[in-house]
Amino acid sequence: MITSFDDLLPLLPLLIATATAVIAMVTVGIRRNYLLTAAIVIIGLILTSFVAAVMMPYTNQQITPLLIVDQYSLFFVVVCCIAATFVAILSFPYFFSLDDEREEYYLMLTVAVIGAIVMVSSNHFISALLGLETLSMSLYGMVAYPLHSKESAKYPLEASVKYLVLSGVATGFIVFGMSLIYAQTGSLAFSDLTSDAAQMNSLGENYTVVALLMIVAGMAFKLSLAPFHVWTPDVYEGSPLPATTFLATVGKAAMFVVLLRFVTISNALEFESVVTVFSLIAVASILAGNLLALLQDNIKRILAYSSIAHMGYLLIAIIAGQGTISNEAITYYLLAYVIMTLGAFAITSVVSSSEKEFDSIMDYTGLFWRNPWLSASFIAMLLSLAGIPLTVGFIGKFYIFMSGVESGLWGLLIALVIGSGIGLYYYLRIVYRMLLPVEEGLKYRIAGIESITAYGVISILVFLLLLFGIYPAPLMSLIESVSSVI
Amino acid sequence: MLDLIWLLPTFPLLGFLSLVLTSGNLPKKAVAVIGAGSIGMSFLVAAIIAAQFIASGDDYFVIEVWTWMSVGEFSPGFAFYLDGLSLVMMLIISGVGFLIHLYSTGFMLDDPSYSRFFSYMNLFVASMLMLVLADNLVLLYLGWEGVGLCSYLLIGFWYENPANGYAARKAFITTRVGDTSMAIGLFLLFTQLGTLNIQDMLHAAETQWPVGSGLAVAASLLLLGGAVGKSAQLPLQTWLPDAMAGPTPISALIHAATMVTAGVYLIARTHILFELAPNVQLLVAWIGLITLLMAGFTAMTQHDIKRILAYSTVSQIGYMFLGLGVGAYSASVFHLMTHAFFKALLFLGAGTVILSLHHEHDIFKMGGKRKQLPIAFASFLIGSLALAAFPFTSGYFSKDEILIGALEMDGPGIWLWAGGVLGAFFTGIYSFRLVFVVFFGESKAHHDEKEVAGFSMATPLIILMVLALFGGLISIPVDSVFNHGGEHEEHHISALMHGIMIVVPLLGIGVSYLFYMSKTFSIENLMSSSLAKSLHKFWFSGWGMDALYQFLFVNPFLFLARINKNDLIDSFYSGIVALTRTANGLVARAQTGQLRWYVMTVIGGVVLIVCLGVLL
Amino acid sequence: MASIPVEHGLILAALLFALGLIGVLTRRNIVFVLMSLEVMLNASGLAFIVAASRWGHAEGQVMFLMILTLAAAEVAVGLGLIIQMYRRFHTVDINVLSQMKG
Amino acid sequence: MILAVLISVLFVGGVLAWLSENLDPSFPKVVALTTMLISVAIMLTLLGESDSEWVASLNAQWIPRFGISFHLAADGLSTLLILLTGFLGVIAIGAAWDEINDRSGFFYFNLLWTLAGVVGVFTALDLFLFFFFWEVMLIPMYFMIAIWGHENKNYAAMKFFIFTQVTGMLMLISILMLAYFHYIQFGWLSFDYFDLLNVSTSGTVSMWMMLGFFAAFATKLPSMPFHSWLPDAHSQAPTAGSVILAGVLLKTGAYGLIRFAVPLFPEASMQFAPVAMTLAVLSILYCAKVAFAQTDIKRLIAYTSVSHMGFVMLGIYAWNEQALQGAVMTMLAHGLSAAALFMLAGGLQHRIHTRDMTHMGGFWAKVPRMSFAVLFFSIAALGMPGLGNFVGEFLALLGAFQASIPLTVAAAFGLIFASVYSLWVIQKVFHGEYRNSDFDDSHLSDLSRREMVYVASMMFGLVWMGMYPQSFLDMSEATIQGLLTATESITSMAQN
Amino acid sequence: MIILFYLAGAVALISTVAVILQSNIVHALIYLILSLLAVAVVFYTLGAPFAAVLEAIVYAGAIMVLFLFVIMMLNLGKFSVDQEKSWTSGRVMLVPAIMSAILLAQLINVLRNYEHSIDVVEVGVLEVSALLFGPYVLAVELASILLLAGLVSAYHLAKK
């Protein structure tokens, strides 16, 4: 129950985000102006992240049973909001010439961020569900956003329908699983499922395991872990690039935080069969993701498949949950994943627009000689995804390895090695394309006045990628302190 | 002056370097001066050193120029060791070497690669001197490999013809087999005795190993492997006849006078080791004997003037091995020296013949060249007499000593002696077969050619003729090397035996005369039977050894190389790649794009993990 | 008061859930698919109500309300998509939505 | 501090070379050469200091969370290899001087960055840092092959990268395990070499950890059965790339074995030594045989490299003074001879646009100086005494003989095979009759003056190594003695 | 009450089966409404009258009417009934049925042990409201955001 100003204060980021949504909505209602809406949203999101960052050291408070505002959630509020800001900035040139009403997109984006903020702060079924669905609901809209446009290149409708139906099924599983757990524990908050109180119903372990796994299955779907990954490439490909970016970064990160909190609080790893299933899922995701990407020619699909594999890597750290650094590993890797995925998509989206997306690797032939800067950024992102030193992706992978070693997950580490080995192939394929001699003139514009900010975003991301890859110590100590609260 | 012994290999080395660095830009006259002059300087120094050494009366003299490498206990140096044996060797090498260089200045005059020729020759002499002067086995190995390399380079000197290249490679690789054996022997010696300094090593072996001990046998066998490779003895003798592909002075210098005797030198140098392994030493004798007989047979069947000489070289080195095997070391070294004289003479004579007759090698296309090629005739006559051990020529003394050594040996000595005498009979036949066929009888072709023999070519021939005739009178100062301890034994050989040894070569010459000069007997008759034909063919091919090795080693190697050109292991990795691709195909088939199938996989996945969760 | 075994209520929910699944899996008409999804969500809601009454809580009913909200929103968006799909393809067959694959 | 400066000079020089291309296309090579010469000058300052102890040590905190520090230092062995790197760096720039005209800025950038990574590898004393440099040198090398390579460059570059990267990850796992053991035994995390040396490991675990390191190093070395990336990489790489690859990059594997794999896990290494030595012997013989069958000249040389590096591994796992010194000498000598051969083969390819030996023959008449150079380095490669390779291989075999007689005897057969393939190259390319029906010989010219300088300097190096190897042996002696002393108790235990 | 629970449950099941088997979409919708109403009765028997009322009004009422509107808009006639029949054959049903059956079997398997009877206590609108406007007030607000998201998305997607 919110009784005082003290209870409200920790909600400030959420409130600012909501206010942003409201202001944006009202502004659209009064007068449609693309630039204005975008500006409002971007400023609102920056403000949100700024406030969250300022609050981070001081705040650790449960607000009503629904939300926990601690350093960890605030850290991810910052991550999600900054990522969303970047997406918003990238969206601006992308949708600039869309022959449709463009302002609602920003509205959806803001609402989706609210969903993400709720998710990262939730330790309760209701808030988790509401946050998740708020995010998904906006994403349905964002994925299908350009469907009225005549020149819309891809298949936003198909992507959106697929996402909606499959996501609905997954939500069904999550909700049903929650109801089973609620029937067992009588509590809607995340709670320890191994405690005596939880087990007193003489339901046996299997009941708990089934309930847990149904929830996990639903979450795994949202994280596109194998065998629930089939939707990923189609949705990534069909969506407009900024929406894909958002889905791949904020959507995944927020969901993973929920999974982490859920697994940690419920002590799910105490059940051996759950650990086994997690391990199988991890191995399957790593192999399936990397194998699927192997001969793929579409960059969005490659990144989709690679995200499957990356989620598999992250799951290793979840499984290593008993260790001391697995939470840090997850946090660092998630951050790394957000940075590099955002970067990779940012570059594809800079050359694309809502009329024409350049997402085949053939389109990037010889980019290195045309625009070395852009292409070098892309190579950096890809190498980071592949986990090569000097990049944040390497430190992330280092963390995962460390947590795996600490918990002795040799089988999973071998899968990780094999997966990364396969992964190199398709990342390098793209790199190699860019290094080939220039063919006919470029099909796309690589610089426009409206893209200046997008280039700014890319530079910031490259900077972060290298900074966190070469001098990760400050970030590590921050993450060490925020992860300790979980 | 003894301190300057390092100058010996240095002069030729400088000659080599200056010729290489100028890379063929010098005029031929300058090349000749540098090429032959450097060896001449060496010889001069060698002669002075020899005189001083003998005058000093010391047993040996050592000087280390610098430490080559020092790793733990292993510290071979660039150190030279001079005693009677190396003294003889260095004199032969620099002396005969100088004569052959001098001859070459004329012989090679028309060759466009004049400078290259002399650079290799100089390098050879430098290496060979290094070999014989080395005070440790590693340095000896340096020279050993160096002469092998020069041999390779010079056999393949006329590189346009692939056959020459083949012969060169064959020579190098065959000897390398022996070298490898020797290298392993070095490892063994160092591991067991802790040093590779020859004298220390021998001393240590003497004190540590009892006679007949396994280690001594192993070590001496491994060294023997090196020696038979270099000296073209069984079973590694096949390369030498092919090595005749090089220019004739090469054959004279490397494949007759010096390099091929390196094996003899090695065994003589390390004879203490061999004495510790009497069985191996006996094996040396038998190898020598069998080789000399086999080569003798083969020499009688050849047509190529140089190949006949090559087989005779193999055969003569067989004598030296025989001598080493029976303990007549100084006899062997003595034969080594005389052989150097008369075989160099024969080869250089053959060179004159070949050059005069426009590179004609087949003796049956010559005939009656006595008048046309007088100097060559004289060389051949004297050389062949010495070769056939005609009484009181140089070859007679040395061969006699070896045979006497064999006779003095207990046990199988008499058999070895008998074999050696039989070999001498063959020697008589094939050496004079050559003389009779080439210089007597009717002239069959090449009627008009004049003998090519300028001053530079004639002088060495004449000097060598003298040496071949009277070289047997030289006494070599090797007693201190071989007779450690015991007094020199007097020969107690019956007159009958002496008689046999004198008569048998003459008989050989006589037989040869009957067949090839007076035609009393006809070769054609002899060859009419099929057995004789196949025997002839068998001997002609060098007892089928080439074919055997081709079958045993070369073909399997080529076969293996051919079938595995693309690296089997690489296919393993290609297999992994193919597997990955197949896996990709399999998983990609799940991405149908059909929504209902997607739902199916999702629900199937839930069913799967729920079942797994319950069952596990 | 009468007493109903909890498992019966939950099994009823599970049955309805399974039926919903079958519906999603088998129907090609997208409207049916959406209806089946509603069945599934409704089944989950039922499960919450059953669990709530097992504990005598009101919280389960709050959750039910949230599911209701969620279902409503999903239907709204879903139907919006169906309209667009029909406009474009003049069919409600979901198999037309399979242009992306591989 | 010197080392940090050295590495930074290379990094910065690389960037400058790239940027300078915008000013004038001919600038990059000048900038690169200048950078390289400055680096060599810096390297030479190490010489004065290095006798036995670690010099130029720099130890700064980097990632305190994991006890990772930026720890660089050089001892005799490192200094030797750094000098080799510097020397071959200059040579490589020379090799590229005429060959690379296209986008040369980026080329020299990659070249210098690879060298920076290599220097880092040779000097890093923190295992994380080591791994970091280990990977850093891959990427520019990948670019070099992928951009300036020949017809099959994509495949070759990819193969190179994947092989080294995958095994590198295995090594990373081992490093982490070791660090974790340190944590368990001492209570704090550390990746420092000297800290990790104190970790006592035993049994199966230590064997697995050792194998992780071994996999990475054996791939880089390369040894059977991890060698198959090398022929492709070499044959496709541009000349300078081959020079660096053969001359320096392979040596990092051997260096890793000497510095890390064995000292960190002496017990496991001793147990594993027979296997490793067998692999080494197999490499020597098998690859020599495969080399003989090749018709692509660069591929052939590549296989010979594998064969020669087998001697290095043999020497390392024999683990006694002669063997180790032999391994080090072989590394140095092979660095020069293989680099030279690749440079000459590259030059040949540049002139006649083919590497297929079946099209060649009789070049001696056309290009005598080049032929002589190839002859010289082939002879060196086959282990001619008086040249560096002999000293290395002889010492390695001599040492190995004390460890295992049968394997050494088998390895010695490699000497025969070496002569078989070396002479085969000479025969195919330079001897025989000249015929130019198969290629365009209009550019077939003899070595230029500049090339002569490079070739001569390498010849001089080999002769120096062959005639007076003591100057090199002395430098590495202290290191080797130190390693032997450190592992003495364990090795002697294993032998009893 | 108990009988009513089972009766309503049976009705809900049967009508749901009808929904998934029906070819005529309007009929299916009406079965669905019937099913929802039956579930509403179940809610009531379990002592949740507020939920029952909402189920009837919002679910069976509002949402289903939304469906009906759309079906009318799409104007799916006789043709679609035949099409539906051809789409739903026994073969298509088989695998899904088996999979669902396995899942169901698992659920029943684990639920079997749940030996607890509900003592039905009525938890009415008061208690629920107290929660909604007490500790769960944020949930209400968030639900509004969720609806906002749905609203905006649906608005954008469904417009002409």
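Think of it as A, B, C, D and E in the order they're written, each chain with its own count starting at 1.
One rule holds for everything that comes next: a contact is a pair of C-beta atoms (placed from the backbone, for glycine too) under 8 Å apart; a residue touches a chain by one contact, two chains touch by 3 or more.
No experiment lies behind these values; they were computed from the predicted model shown.
The chains other than chain D, grouped by which ones touch each other, come out as one piece. Chains making contact with chain C as well as with chain D: A, B.
With centres defined by CA atoms alone, the chain at the far end from chain E is B. Ranked by how close its C-alpha mean sits to the mean of all protein C-alpha atoms, the top chain is D.
The interface holding more C-beta pairs in contact, when B-D is weighed against A-D, is B-D. With each centre defined as the average position of its C-alpha atoms, the distance from chain A to chain C rounds to 26 Å.
Between the Cα centres of chain A and chain E there is a gap of 31 Å. Note: centroid distance chain B to chain E, computed from Cα atoms, is 101 Å. Once the centre of each chain is set as its mean CA position, chain B and chain C turn out to be 95 Å apart. Multi-chain contact residues of chain B, defined as those touching 2 or more other chains: 588, 591, 593, 595, 599-600, 603-604, 606, 610, 614. Among the residues of chain D, none is in touch with two or more other chains. Taken residue by residue, chain C touches two or more other chains at 6, 10, 14, 20-21, 24-26, 28, 34, 45, 50, 52, 54, 57, 59-60, 62, 66, 70, 73-74, 77, 81, 84, 94, 97-102, whereas all remaining positions touch fewer. Contacting chain pairs (ordered by label): A-B, A-C, A-D, A-E, B-C, B-D, B-E, C-E. By the touch criterion stated above, chain A contacts chain C in their complex at residues 125-126, 129-130, 133, 137, 140-141, 144, 147, 154-155, 157-162, 164-165, 168-169, 171-172, 175-176, 178-180, 182-183, 186, 188, 233-234, 237-238, 296, 301. Considering their complex, residues 1-2, 5-6, 9, 12-13, 16-17, 19-20, 25, 28-29, 32, 35-36, 39, 42-43, 45-48, 50-51, 54-55, 58-59, 62-63, 66-67, 70-71, 73-74, 76, 80, 83-84, 87-88, 92-93, 95-97, 99-101, 103-104, 107-108, 111-112, 114-121, 123, 127-128, 130-132, 136, 139, 143, 146-147, 149-151, 153-158 of chain E touch chain C. Of all residues in chain A, only 1-2, 18, 21, 25, 63-67, 101, 104, 107-108, 111-112, 114-115, 118, 126-127, 130-131, 133-134, 137-138, 140-141, 144-145, 147-148, 160, 183, 201-204, 206-207, 210 touch chain E in the complex they form. Residues of chain B that touch chain E in their complex: 600, 603-604, 606-607, 610-611, 614. Note for the complex: chain C touches chain B at residues 21, 24-26, 28, 94-95, 97-102.
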